[in-house]
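For clarity, chains are labelled A, B and C in written order, and residue numbers in each chain start from 1.
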Amino acid sequence: MKSMLLKMLAIVALFWSGSVLAEEPIRIGALVSATGPASFIGDPELKTLRHYVEKINDTGGVAGRKLELIAYDTGANPKKAVTFAKRLLYKDKVAAIIGPSTTGETMAVIPLIQKSKIPMLSMAGGVPIIDPVKKWVFKIVATDRMACQKIMEHMKAHQISKIAMLSGSGGFGKSMRKQCKMVAKDMGIDILADETYGKKDTDMSAQLLKIKNTPGVQAVLNPGFGQGPAIVTKNFKQLGLKMPLYESHGVASKKYIEIAGDAAEGVYVVSPPVVVAAKLPDTNPVKKVCLAYKNEYEKTFHTPVASFGGHAYDSLYAIADAVKRKGTSPAAIRDGLESLHNFVGIDGVVNMSPTDHLGLDTKSGLVMLQIKNGDWKLAE
Amino acid sequence: MRALARRWNLRPALGVTALILALVPWMLSNDFYYEIAILALFNAMIAVGLNLLMGYAGQISLAHGAFAGLGGYIAAILTGRYGLAPLFSIAVSLGIMALLAYGLARPILRLRGHYLAMATLGVGIIVSIILNNEEELTGGTDGMSVESFSLFGHTFTESWEWYLLAALHLLVLLWLAQNLIESPLGRILRSLHDSERAPASVGVNVARYKSLVFVISVVVAALAGSLYAFFSGFISPQEAGFNRSIELVVMVVLGGMGRLYGAVIGAVILTLLPQLLTSFEDYQTLIYGAIIIGVMIFMPKGIVSLFDRWRRRG
Amino acid sequence: MTELFAFLLTGLTVGFVYALVGMGFTVIYNASGIINFAQGEFVMAGGMIMVFLLAGGIPYLPAYLLAIGLTALLGVLLWKLTDLSRDSSQESLIILTLGYAIFLRGAAEVVFDKELHTLPPLLGEGHLTILGATLSYQALLVMAASVLIVAGLWFFFRRTRTGKAMIAVSLDPDAARLMGISLKKIWVLSFSLAAAIASVGGILLTPITSTNYEVGIMLGLKGFAAAITGGLSNPFGAVAGGLILGIMEALVAGYLSSEYKDAVAFVIMLLILFFRPGGLFSHRGVQRV
C-alpha cells in the first residue's frame, strides 16, 4: 500500500516537473563512426554523447530546456555521412551537429552545412576542416599538424634531426604524413626514409629493415591508427632497432599498449591529456575536467578511457555553453561557439574567434607520453 | 489506341511506374526524403542494367559497384580537374567505360558461374584499390567533391529537379530495356541464360551478344554513377567498393532475377533498409545479413515471385 | 640480400594463412559445388571466439579446442541453412554465402564487440634471426601448423575411406551416391572441416596481426584468390597458390609499392583466370555447373 502511494506521488511529481520543462527539447544531431574501420573512434564518442546528454538532462537541462540527441552511425563512410547529415538537417531539424568522426566524412558534409546554416562541431583531426575558416564549421580537436609539431619539438629537444617515417596508407596516416613533412621542413628535420604500409598489412618488418639499413636515422615516426602501429611496434623490437619510436595520437589508448605488449616499452606517443589525467601537473588547467571525465567514463562503461570520447564531451559542453550565453537558435549557437572564451575542455583551453574556429591552446592540448611498465608516463 | 500502345510499347507496368513516380513527390515533405528517393532511383537504374546481364544473359557481375563508381569518378575528375562541361564529361566517361567494358568482356565472359563471379570480383577490387591510391586525381580514401551539375546554363540545385531528372532517366531506361527484352536479341539472350550451346548451334555468335549486354549494363551503371556523383556533390572510394557491388547484386536477386521491375523493387527496398534500421544501430549488419539469407532461402526467385503467386491465386 | 630474405619470410607467413583459407574453399567446393564466401569469416570467428574464451577464464588448451570446435559447428550450421536452398541457381548460392559473411560479421559485432583484440603468442615473444632477417616464434608456428594440416589432409584424402569418398563425390556425385556414399554426410563434413581449418589459421594469426569483427573480409578474398591460382579442384593447389600470392605480395610491397600490394593477389588471379582458368596445377577444364 505504502509503495503504491509512493509510486503515485512520484508520478505526480514527475508530471509537475515535466510541465516545467515542457518546452520542446533542443535537438542536437550527431554523426559518429560507431561501426566500420573507425569504430574505435566513434564508439567512445557515441557512448560519451549518450551518457552526458542524459546527465545534463537529469540535472535540469541547458537554460531550462532538455537536450535531445539524435545520433546516426556513418560507418566512417563519407557517403553515409552526407545522407545522414541531410536527415539531421531536413527531417530531424536539429539546432547543431556534432561530428563526423573522421576528416574525410567531415569534408564531405561541409558544403551541405554551409548551405543549410546549421553549426557543426567536427570531431576529426584534419587541418583543412578549419583552414580556411568556414562560417558554420568548428572543431575542438588537435590537428595532425599540431601533433607533428609536438613530436618534432620533442625530437629537437633531444638532439634528433635525422629521422625515418613509416606511415599508414589510410586517410589518417596519409594526412599526417603530409603535415609532418611540412613541419619537418620548417623545423629543419631531415626525413631520410619515407616508407608506407597498407591498412590491412600484417607484417612491416621489410619496411623497417630498409629503415634499419639507412645510415644516419636517429628516430622513427609512425603516423597511423588501428592495428598497423601495434604491428610496427612489435616488428620494430623484433628487428632489434634501438632508436626512439614515435607514435601518433591515433594510438593514444590502452588498446595499443595491450596489443603491442612488451614491445611498446619506451615508445613515445603524442596524446590528448585525458589518458594521463591523474599524472598531469596540477598547474595544467584541464586536469580537473579530464580527471572527472576519465573517472566517470571508466566507472560507467568499465573500459579504459580513450582520448576520442573527450572530443564528444568537449563538443557537447561547448554547445551547452553557447546556448547558455547566446540562445537556442542555430545562428545563436554559432555565434556562441565563435565567441567561446577560456572554455576549459578535455582537449585543452579554447578561445575561438571569427578568424580561428579551432582556438585550441597547444600548450594544454597535447602532451608527449612514454610507455613505461605497460602504462603511460609523461615523457621528459 | 491498341495499335498505338503496341507501337510505343506502352506496357501497363511502365504506365504504373510512371504514375507512381509522379505521385511520390506528394509524399516527400522534406529534402531528406527527396535525397533517399533520388538515391533509390539511381540505384534502380544500375540494378535494371545489371539485371539485363544477370537475369537475361545469365552472367553474374560482382564489379558493377566499381563500374558505377569509376564512371562517377571519371566524370567528376573531368569537370573538377580539367574544367570540362558536366554533360560532356559524362559523355566522355560513358565512352571510356564502354571501351573498358568491351575490352574486359572477351576474356571475362568466357568464364562461367563461380569463375565469372571471381573474375568480376577481382576487377572490382583492383578498380577500388586504384581509386583509393591515386590521390592526386581522386582525393584518395577521403574522396573528392564534385562540381555542381549545369545544363545549358541552368544549374541543378533543387531536389525536385534532380528527382525529375532521375525519374525520367529511369523511365526511359525501363522502356528501352523492355524493348530490348522483346526484340529478337532479347530472345537470344534468354536462350543464352538457359544454355549456351543451343543458340550457338543455330549459328548465333554467343560471345558477341554477351559482350553487348555487358557493355550496356556497364554504361548504364556509369551513367547513374556519374549523375549521382553530381547530385550529391561528393564521391568516395567506398562507392566503388566490394560492399557496394554486393549491394547492387543483392538488389537484383532480392527483387527477382530476370524480372524487369524486380530490380526496381529490390533497389527501392535496399535503399530504404538502412534508413529503417537506424534505430537498431548495433544490429544493422546482423539484420542486413539475416534478410539476405532469409530471402535466398525462402524466396530465391525474389520478391516479385510473391506477386506471381498472388496473381495466380486471384 | 637480407632484405630479400626478410621479404620472403614475410611472404611465406602470410602465404600459409592464405593457403589455409584457400584450402577451405576447395574442400567445400569439391564436395558440394558451392563457393563459400563466408570462409574468411571462419578465420575471424576462430580468433574472436578464442579471445573471448580466454577472457572468460578458460585455460589455453581447452579454449583452443573449444574455439575450433565451435567454429566447426558454425560450419555445420551454415550447411544446414544451405541445404534448405539446394535447388537454387548458382547466383543465388553466391548471394546466400555472401549473406552468411555479412551475418557473421554482424553477429560478431553484437556477440563480441567492435574492438581490436590480440592473443598472447603460444611460444612467447621470442624470435629467430636467419641471415639477418627475423622470424617470430609465432610465425614459425603458423608455418609449422599449416604444414601439419596440409600433411594431415593429404593423408585424409589419400588414405582414409571418408577422405576417398569425398574425392569420389567431387569427381562424380551421382556415381558416388550409387556406390552408397552419403552425400549429406560428405557435405556436412566438408563445411565443418573447412571451418575448422580456417579457425586454426585465425587463432594462430591473431597474436601476430590482432583480430576484430571484420578481419575476415580481406583474408577471405585473398584465400579465394589463392584457391583460384592453385586450381579449385585441388586443395593442395590452394597451398601453392597461397604461398605464391603471399611471396609476390611481399616482394611488390618491398620493392615496388606497398599501396598496391593488395592488388597483387587479384591481378595474379585474373591472369590465371584469363590464361589458365583451371588454375596452375589442374589438368581438368573449368566449368562445373
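Criterion: a residue touches a chain if its C-beta (ideal position, glycine included) is under 8 Å from a C-beta of that chain, and two chains touch if they have at least 3 such contacts.
Computed from a prediction, not measured in an experiment: that's the story for all the values here.
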Return the chains common to the contact lists of chain B and chain C. A
Most extensive contact between chains (C-beta pair count): B-C
Return the distance between the CA-based centres of chain B and chain C, expressed in whole Å. 32
How big is the gap, in whole Å, between where the Cα atoms of chain A centre and where those of chain B centre? 38
Multi-chain contacts in chain A: which residues touch at least two other chains? 34-35, 169
Two or more other chains are touched by the chain B residues 133, 282, 284-285
Multi-chain contacts in chain C, i.e. residues touching at least two other chains, fall at 109, 259, 262
Can you list the chain C residues touching chain A in their complex? 2-3, 6-7, 10, 13-14, 109, 114-118, 120, 125, 127, 133-134, 136, 205, 208-210, 212, 214, 218, 250, 253-254, 258-259, 261-262
If you look only at chain A, which of its residues touch chain C in the complex? 34-37, 39-40, 43, 169, 195-198, 200-203, 205-207, 209-210, 213, 226-227, 230-231, 234, 238-240, 255, 258-259, 261-263
Within their complex, state which residues of chain B touch chain C. 54, 60, 107-108, 110-115, 117-119, 121-123, 125-126, 129-130, 133, 242, 246, 249-250, 253, 257, 282-290, 292-293, 296-297, 300
What residues of chain A sit close enough to touch chain B in their complex? 34-35, 72-73, 77-80, 82-84, 86-87, 89-91, 103-104, 107-108, 111-112, 169-171, 174-175
Given the complex with chain A, which residues does chain B contribute to the contact? 30-33, 35-36, 39, 133, 135, 140-143, 145, 232-234, 236, 238-239, 274-275, 278, 281-282, 284-285
